[in-house]
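Look at the two complexes coming up: subunit A is in both, with subunit B in one and subunit C in the other.
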Partner chain A sequence: MATFVIRRLIASIFILLAATYLMYILTALSGDPLEDLRTSTAPNKAQLIESRTRLLNLDVPPFLRYFIWLAGVGKCFIGQCDLGVTVQNQPVTILLAQAAGSTLQLVTIASLVAIILGITVGITTALRQYSGYDYGVTFISFLFFSLPIFWVAVLLKQYIAIGFNDFLADPKIEYWIIPIIAVVSGLIWMSIIPRKGLQKLLTFGIAAVATAGILFYLDLSDWFSTPHIGIVGIIISSIAVAFGVTVISTGLKRRRALYAALTVAGVGIAIYYPFLYGFSLSLEAWSLALLALVTIGVSFAIGWFWGGADRLPVARTAAITGFLVAGLIALDRFMFVWNQYANSGRIKGRPIATVGSATPGLEGSLWVHGVDLFTHLLLPTIALILISFASYTRYSRASLLEVMNQDYIRTARAKGLTERTVVVRHAFRNALIPIATIVAFDIGGIIGGAVITERVFGFVGMGQLFQNGLDHVDPNPVMAFFLVTGGLAILFNLLADLVYAGLDPRIRVS
Partner chain B sequence: MRIRRFAVAAATVAVGALVLSGCSAPQSEIVEGSSLSVAWNQPFYSYNGETSFGNATANNNITYATNAQFNFYDDTPALVDDTSFGSYEMVSEDPLVVKYTIADGVKWSDGTAVDAADLLLKWVSLSGAENTPDFDATEFTDPDTGAFTPDFPTDVVYFDSGADPTTGPGLVSQLPEVSDDKKSITMTWDAPFVDWDLQFTNVGLPAHVVAANALGIDDPQKAKDALIKAITDSDTASMAKIANFWNTGFNFTEMPSDTSLVVSNGPYTITDFVADQYITLTANENYVGDHKPEVAEVTVRFITDPLAAVQALQNGEVQVISPQATADVADALAALDVTVVGGYEGTYEHIDLQFDQSKSGHFNNPLIREAFMKIIPRQEIVDKLIVPIQPDATTRDSQVFLPGAEGYDDSVASNGSANYADVDIAGATALLAEAGVTNPEVCMLFSSTNPRRANEFLLIQQSGALAGFNVTDCSSPDWGGLLGTPGKYDASLFGWQSTSLGVTNGPPPNYNSKGINNLSFYNNPEMDKLTDELGKEFDPAKQIEIQIEIDKLLWDDFYGVTIFQFPAVTAFDETKIANISPSTLSPTIFWNIWEWSPVGA
Partner chain C sequence: MTNLEPPVQQPGHHAPGGTDDESSIEIKDIAGLSQGQIVRKRFFRHRGALIAMFALLFIIVLAFTSVGPQFGSFKPGGWWPFTWNVAGAIENGGRPTLTVFPLSFGNHPFGQDQVGRDIFAVVMRGTQQSLMIMVIVGSIATIIGTVVGAVSGFYRGITDAVLMRFTDIIITIPVIVIGAVLGRRFGFAGAPVLALILGLVLWTGLARLVRGEFLTLREREFVDAARVAGARDARIIFRHILPNAIGVIIVNSTLLMAAAILIETGLSFLGYGVQAPDTSLGKIISENQAAFSTRPWLFWWPGLFIIAIALCINFIGDGLRDAFDPRQKRMPTGGALAKAKRAGQPVAGSQKAGDK
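Let's turn to the complex of A and B:
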C-alpha cells in the first residue's frame, strides 16, 4: 500500500513537471505580451516596455523563464509560495486565493446537488427499468448532456432571470398553463408509481388534480411575491418527511423508529413560530451551523430514548428526520424575507440576478444574504447541474442494474428479506462503489472551475484567472490555474484508486 | 395507545407555539439603499494609476472620479479647465515656467487640505527627478516575481512612473518653488515642452497618507512638512521609503483595511470594493468644487463578457454598459428597449507602407505606393466590418486629427485623402504600368489572432488582385515585435491608440525620421522640419495649422491610409439615468460622472 502510494506520487511529480513545462511554453509563445504597449503613442513608451520586461523577465526566453517560475513554486516547500506576478504587478498567490474562493462557492453547491439528484434519479430509473419514466429520464439526460453550456446559460438568463423577473411584476399564471402542467405532472407520477390498469389511471388523476390544486393555490394566494410554506405546509411536510425517512431508513414495521421520527417532527412544528418570529433574527452563519448540529444531536437523543433494544437505527432515523424538518423550517424562514428583499431599493423588484455573486452594497440579516446568495447562484448552479446530471444518472442506473442481477441479491430475496432491505442495504451500497470513483474525479475538477459558466455569469474565479492570463499572454496566472487543476487531478486519481480498494474487498492495491 | 398520547402531546405543543407567535411583529431585516450601477469589463487593481503597470483604463476610470483635475477632456473632445479645483498658468515660455495653484478650501475627503505637498509629491514621482541616477532596479528585482528583493538598497529612490528625462514630466528636473502660503508651486522646465498642460493634470496621491505610511508620522500636517523637507533636501533615506510606498502601497484588489489609502479629493470616494465583483463610489462629503455629483452612489461592476453585460442591463442589474463593440452586441442591444449611443474609441486602424526597407523593395517607388493606396477598399471595409456594429460609421480620413477634434474637418477637406475614398482599379493599373512592374508582391503584416484584421486583409487582397497586386500574408501572432523590422514586410495593418490630443504624442514620434514610432523608415526633411516646429509651438491655433500641413504631406508622400476609428458602444436605461455622453478619449463614459443624474427616483 505505502509503496504503491509513494510510487504513484513520484510518477505524478514527473508528469506534473512535464505538463507544466509544456503549458508554460505554449502560453508564453501564444502571442506578444508587449502588444498593447507597442501600439501605444505614449511619449514614455520605451520606459514602459522596459519596465514590463523587467517585471516579467521578458528578456529571458520562455524555455528558461520556466525555471525562474519553477524556482518560485519550489519555495512552497519552505512555506513561501511564490507564483510570480501578473502583467498588472499583482501577486498571483493572492489572486489565486480570491479566485479559488469564488469558484468553490459557485461549484460546491452545484456539484452536491448534481450528485444527490443524479444518484437519486439514477437509482429510481434502475428500479423502474424500461418504464415511461426510465425512458423519459434517459431522453432528458442525453438532451441536457448534448446542450452547449454557453447557450443554455444565456437561455437560462433570458427566461429564468429576465423572464421570471418580468413575470413577478404581475405574478398571475395564465389560465391555460395550469391544465398543461397538471397533465404533464400526472403522466410523470403515473410512470414512476408502479400500478396496473385502472389504478394507473387513478394515480394520474390524483397527481393531476393535486398539481392543479397547488397551482391554483399559488396563483390565488399571490405566492410568487410572498412565498411561504406556512404552518400548515410545515405540519404536512414534516409528517411526510417522518414517514418517508422511516420507510427508507428502517421500514415502517419498526414502530419505535416511526414514533421517534414523528416526535422529532412534532418538536420541529412546535418551535416553528418561536423560531420564525423570535430568535432567528439575530442568527449569524456560524450560529446557524451550530443550531443545525444541535438539532441533529437532539433528534439523535430523542431517537435514542425511543430506541428500545436496537437503538442505533432508530436514532439515525430521528436524526435524519430532524435535519430535514429543520431544513424545511429554515427554508420557510428564507421565504419569509423574500418579499422584503425583492422590493428593496437595491433589488427593485427584479430578484433573480444574471451576473456576480452578491448584490453590491446589500446589508441585512443572515436570511437576506441567504436569499441574495440564492438569487445569484441559482442560474449558474442549474447550468452546471444540467451537464453533470446526465453522467451521474447514467452511471448510477447502470451500476444498480448490474448489482441487482447479482446472485447475492437473489439469495437475499430468497431469504425473505423485504424489498426495502434488499435494495437499500444489499444493492444500493454496492452500487455506490463505482460511483465513488466518479465523484472523486469530479471533486478534483471542482476547483478547476467552469471557465465558460464563470464568464457568462460574471463570476471571476479560476476560469477567469486562466482566461485573462491567456488574453494578456501572461503565463503566471495560467500556470497557477494549471498547477491547481493538474495537481488536484493527479491527487484525486490516486484517492479514487485508494477509495475503490477500501470499499471493494475484491480489489487490492499493490 | 402510544400514538394517541404522542399526538396529544404534539398537538399541545403546536397550539402553544401558535399562541406564542401572535406576540411579535416582523421586523425589517434589510438596510435600505440604492445605487446606480455601471458595468466595466476589467476589475480595478491599483489606486495609483501613474505607475508603469497601474496605468490602465480600469484604474483610471475610478481615479478620475475620485480626483479633481486641473483640466480634462470633454466629449468633443476638447480640453476643459476646472478652476474650482485649481488653476495653472504659463509664467514664461522660454524658459518654460508653469505655476499651479490649488483653489481655496479644497480638501481631501478626510478633511486635510490639498496643498503644495501633494503637488510636490506628484512632481517628484512623475519627473523621476530624485530617482537615484543610473540605478538599475533589475539587480535588486527578484527574478522569480519581479518584486523588489529584501536587500533592495534603502538609500535608493525609485519612482516606477516610467519617467523619461527627454520628454514629458521628465523634463522638469529642477525642484519646483513652493509659495509661502503652500498653495501653489512653480515648475521650471529644462526645455520647452508644448504639451506641458497635459502633464500634471491632478495632484495624484495624498501626500499626508504617503508620508504617514512611509515615514510613520500620523499627524497630517507634520507628515506633509516632513515630506516637503525630504523632497527639498533630497533626503535619500526618506525619499526611498516614500518612493517605495508610492510604488506599492496603493495596489489593492479589495477594500483595504486601512481606509486612509482611499482618501480622495474629487466628487467621489471609494467606500466599498469586493475583489473581482464591484467597487462602490460614494459622493465625497468634503468636496467643494463645481463638479458636485447628482448621483449619491455609483457602483462599477466588473463584467467581462460583453453579452453578459447586455443581459445585466436588460435585467436591471446595471444601468449603464459600455461593452466591447461587436456585431453580436449591436444585434442584442437593437432588440432591447434601451438607449444606445454609438461613438469612437481612441484607437484607429491604419495601413502604413514601408519606404526603403520593404520586403519586396517595390515600395521604394512612390508610384507603386500610390497605386497600392488606390486599391485599398476603405469604404468597403467600413461598410462590411464596422457598419454592422455602428450604423453611422465612416472612414477616418486624417493621419493626424481625431474625428470630432478641432482641425479634423479642415484637414480632411484639403489633405488629399479624398483621392483614396473609392477604389480606383484603373488608376492603380495605369500607375503600375507607368512604374513598369507587373504583379508586384505586397506582404502585409498584421495580427494573426485578430479575425477583423484577417477579414480586412482578405478584402484588400481581392481588391489588389484586380489591379495586378499580389497581396500576401505576413501575419504573425508576434506582429508587434516585428513592427519596424527592416525587410520583413511591405505594409502593416494595425491600430494606434490615442490617449490625448497632445501634439507630442502624435506627429513627432510617428513621422519624424528619428521618431520612436516611425516604423516605416519614413524620411522627409520637410516633415522633420514641420514636426520639430510643432514640438516647439505653444499656440494651439498654430499647432493645428502645422498639423494640417503634416497631414497633407503624409498623404502626398503616400505614407499610407487611415481606415476607421474603432467603434464604441454605450447603452443605458433612460428610465433610470440621464446625461450619459461618452467621450472618445479615456475615461470614455466616466468623463462627466458628476453630471449623471438619476431619473424617476
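Let's turn to the complex of A and C:
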C-alpha cells in the first residue's frame, strides 16, 4: 500500500507540473498583454510599456517565463510563497489568500449539502423503484442536469431573494396558498410511503392536514419575522431524532441503543436554556467547533456507558444523536438573533443578500455573523448544488440498485435479516464505493461552476481573480487560481483512488 | 380463437406455471432480431426518449428554417420576416405579442429588445449556433476520445501509459477554465472555431471509458480468432472491437453534447464564447440579465431554449443507454404480465391476473 501511495503521489506531482505548464502557456498566448497600452494616447506610452514589460518579465518568452513563476512557487517550500504580481503590481499571494477563503467556503458547503441530499434522495428512490416518487425525482434530476447555472442564478436572485424579502416585510401567507402546499405535500408523502388502497389515502390525509396545520401555526404566531424552535419544538424534535437515528443505526430492537439516544436527547433538552441565555453569549468560532467535539465525545461516552455486551453500535447511535440534537439547539440559537440581524442598520429588513459574500461593517456576536454568512451563501449554494445534486442522485440510485440485485443481498434476506440490516449494512455500504469515487472526481467541476456563480452573485473570490487575470492576459492570477483548483482536483483524484483501494477488497494495489 | 398473428405466437405453447413470465416476454420480444433492430425496438419503447427526439427535431427545423442559416456570405434567409441583426420599430413597448387564449402570434411573439430587434429571430439564431456547436463538439470529441481510448486500451503498456497521463493532464484543468482561456483567444473567429476548440478539450472522459471497454474486449475469443485469421491491428480495432463498444460511445457522446451546450452558453455568458455581432443563447442572457425586472422576456426565452435542447438530449441519451444495455430488463406492464399469464394458463386465473 505504501509503495502504491508514493507512486501515485509522484505521478500526481508530475501531472500537476505538466498541467500548470500547459495552462501557463495557453494563458500567456491567449492575447496581447500590452494591448491597452498600445492603443492608449498617453504621452509616456513607451515608458508605460517598458515598465510593464519589466514588471511582468514580458521580454522572456512564455515557454521560459513559466520557470520564473515556478521558482516563485517553489519558494513555498521554504515558507516564502511568491506567486508573482498582477498588472497593477499587486502581489498575487495576498490576493489569493483573500479570495480563496470565500470561494472554498462556498464550494465546501455546496459540496457537503449536495452529497448529503443527493445520496439520501438517490437511496430512497432506489428503494422505491418505479414509484411515482422515483419517476418524479428522475425527471427533476434530468431537468437540473439541463439547467444553465447562470440562468438559474438570476432567477434565484429575482424570486427567492427579492421575492422573499418582500414577503418578509409583511409575513402573511395568503390563505389560498396553504391548501395547495398541503395537497402537494400529501401527494409527495403518499408516493414515498409504500401503502395500498385506503391506507394510501390515509397517508395523504395525515400529511396534508399536518402540513396545513404547521403552516397555519407559523402564520398565526408570526413565525417568519421571529423564527424559533422553542423548548417545545426542541423536546419533540430531539425525541424524534433519537428514535429516527436508532431505527437506522441499530434498529429499535436494541433497547439499550434507544435508551442511550433518549438519554442524550434528554441532556440536550436540559442544557437548552443554560446554553441559550448563558454560555453561548461569549463563544468564538473555534470554541464552537470545540464544543461540537465535546458533545460528540460526551454522547459517545453515554452510549458506551449504556452499551452492554456490544458497546460500539450503541455508542455510535448516541454520538450521532448527540451531534444532531446539538445542531438543532445551535440552529435555534442562530434563529434567536434573526430578528436582531434583520432589523439592524446594515440590513434594514431585507436579509437575503443578492450580492457579495458578507455584509461589510456588520457588528455582532458569532451568531449574528453566522446568520450573515447564511443569508449570503444561501443563493449561490442553491445554484451550485442543483447540478451536482442531480448527478449524485442518479449515481447513488444506480449504484444501490446494482448492489440490491447481487446474490449476497438475496443471501442476507434468506438468512432472515431484517430489511434495515440488509439495506443499511449490506447494501448501502457497498453502494457507497462507486459514489465515493464519483464525488471525488466531481470537485473540479464544482469549482468550475463556481466561477460562473461567483460572477452572477458578485462574489469577491477566486473566480474574479481568474477572470480579471484572463481579461488582462496576465498569467499570474490565473495560475494562482489554477494552482488551487488543479491541486484540489489532483488531491481528490488521489483520495478517490485510495478510498477505492481501501474500501473495495477486490482491488489489489501491489 | 381466430387471430391474425403468426402461428409461432399462438398462445398456449408455454409451460404452465408462469414463473418466468418476465423473461419469456423479453425473449419472445427479441427472437430473430439483429442487434440493431433490438436496440431500435428498445429505444422506441422509451417514451421519454421518443418524445424528446421529436421535440429536438422540431427545434432544429424551426431554428434553421425560420431565420435561415448563415455561413460566411451564404445567407439563404427563412420564412420569418425579421432577422436577428436588424432593428425595427418597437411595437407594444417591446412586449411579447404571443397569446395562448386565443392562440395568436402577432408580429413579435417573443417581444423585442431595447433597440427593436425581434427576439424570436435572435433566439432562433442563438439556437442555430448552439445546435451547431453541439454537433461539432460532439463529433470531434467522440472521434478523438474513441481513437485515444481504443489505441490505449488495445496496445496497453507504454502507449497506454503515455496517452492516459496526457488525458490526466487535460482532465485536471476544469473544462470551463480551459474553455475560457481558449475561448478568449479563438472566440472572435466565430462559432465553428470555438466548437472545434471545445471539442479538442472535452474528449477526456470518453477516452477513459473507451479504454476500459477495450481492455476487457481485447481478451475475448473473437479477437484471438481475428488475429489467427491474419487481421491487422487496425482491422481488429475498428472492425472487430469497436462495434462491440459502440453502445458506450454513442451514449456518452450524446451526454457530451448536452454538456457542450451548457459549456458554450456558460462561456458566452462570461464573455469568452461567441462574440458580437453574432449571437448565442448564453450571450443573449448575459446581455440582458440587468434588464430582468423591466424586460423579463429577453431572459426567459433563450433560457427556455437552452433547457429544452439540453433536456431533449439528456432524455435521448437515457433512452439510448437503456436500449444498448444488455442487462436492461423491461419492467413488464400489468397488461403484458396479465397477457403472459393468460397465455400460460388459458383457463383459470386469467381474470384475477387481469385485475392485478
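The rule is simple: the second predicted complex is superposed on the first by the 456 of 510 C-alpha atoms of A that agree within 3 Å, B and C clash if a C-alpha of one lies under 4 Å from a C-alpha of the other, contacts with A are read in each partner's own complex, and residues count from 1 in each chain.
Methods note: a contact is a pair of C-beta atoms (placed from the backbone, for glycine too) under 8 Å apart; a residue touches a chain by one contact, two chains touch by 3 or more.
Nothing here was measured: the structure is a model prediction, and the numbers come from that model.
Visitor: Is A:Gly31 touching the first partner subunit B, the second partner subunit C, both, or neither of them?
Guide: both
Visitor: Given the touch rule stated above, what does A:Ser102 touch, subunit B (first), subunit C (second), both, or neither?
Guide: first
Visitor: Kindly classify A:Ile149 by the partners it touches after superposition: subunit B alone (first), subunit C alone (second), both, or neither?
Guide: So A:Ile149 only meets subunit C here.
Visitor: If we overlay the two complexes on their shared chain A, which of subunit B and subunit C does A:Gln158 touch? Say first, second, both or neither.
Guide: Both partners, subunit B and subunit C.
Visitor: Contact-wise, after the overlay, does A:Ala289 reach subunit B, subunit C, both or neither (first, second, both, neither)?
Guide: In the superposed model, A:Ala289 contacts neither subunit B nor subunit C.
Visitor: Going by the contact rule set out at the top, does A:Ile490 touch subunit B (first), subunit C (second), both, or neither?
Guide: In the superposition, A:Ile490 contacts subunit C only.
Visitor: Which partner, subunit B or subunit C, is in contact with more residues of subunit A?
Guide: Comparing subunit B with subunit C, the partner touching more subunit A residues is B.
Visitor: Let me test your reading of the model: by the given contact rule, A:Arg455 touches which partner, first (subunit B), second (subunit C), both or neither?
Guide: A:Arg455 sits against subunit B and subunit C alike.
Visitor: Please work out whether A:Val267 is in contact with subunit B alone, subunit C alone, both, or neither, and reply first, second, both or neither.
Guide: first
Visitor: Following superposition on chain A, which residues of subunit A contact subunit B and also contact subunit C?
Guide: Residues 30-31, 154, 158, 455-456, 467 of subunit A touch both subunit B and subunit C.
Visitor: Which positions of subunit B touch subunit A when the two form their complex?
Guide: Subunit B reaches subunit A through residues 2-3, 6, 9-10, 13-14, 16-18, 20-21, 23-35, 37, 43, 45-46, 51-56, 137-138, 141-147, 160, 162-164, 167-168, 170, 251, 253-254, 272, 274-278, 280, 297, 299, 301-305, 307-309, 311-312, 314-317, 347, 447, 449, 477-481, 483, 494-499, 504-506, 509-510, 516-517.
Visitor: Provide the residue numbers of subunit C that touch subunit A in the complex, in ascending order.
Guide: 165, 168-178, 180-182, 184-185, 258, 262, 265-266, 269-270, 272, 282, 285-286, 289, 292-293, 299, 303, 306-307, 309-311, 313-315, 318, 331
Visitor: Provide the residue numbers of subunit A that touch subunit B in the complex, in ascending order.
Guide: Within the complex, subunit A touches subunit B at residues 30-32, 34-36, 38-48, 51-52, 54-57, 60, 68-69, 71-72, 75, 82, 84-85, 87-91, 94-95, 98-99, 102, 154, 157-158, 161-162, 165, 231, 235, 259, 262-263, 265-267, 269-274, 276-278, 281, 336-337, 340-341, 344-346, 348, 350, 352-358, 360-365, 367-368, 455-458, 460-461, 464, 467-468.
Visitor: Residues of subunit A touching subunit C in their complex?
Guide: Its residues touching subunit C are 11, 14-16, 18-19, 22-23, 26-27, 29-31, 130, 142-143, 145-151, 154, 158, 444-445, 447-449, 451-452, 455-456, 466-467, 470, 478, 481-482, 485-486, 489-490, 493.
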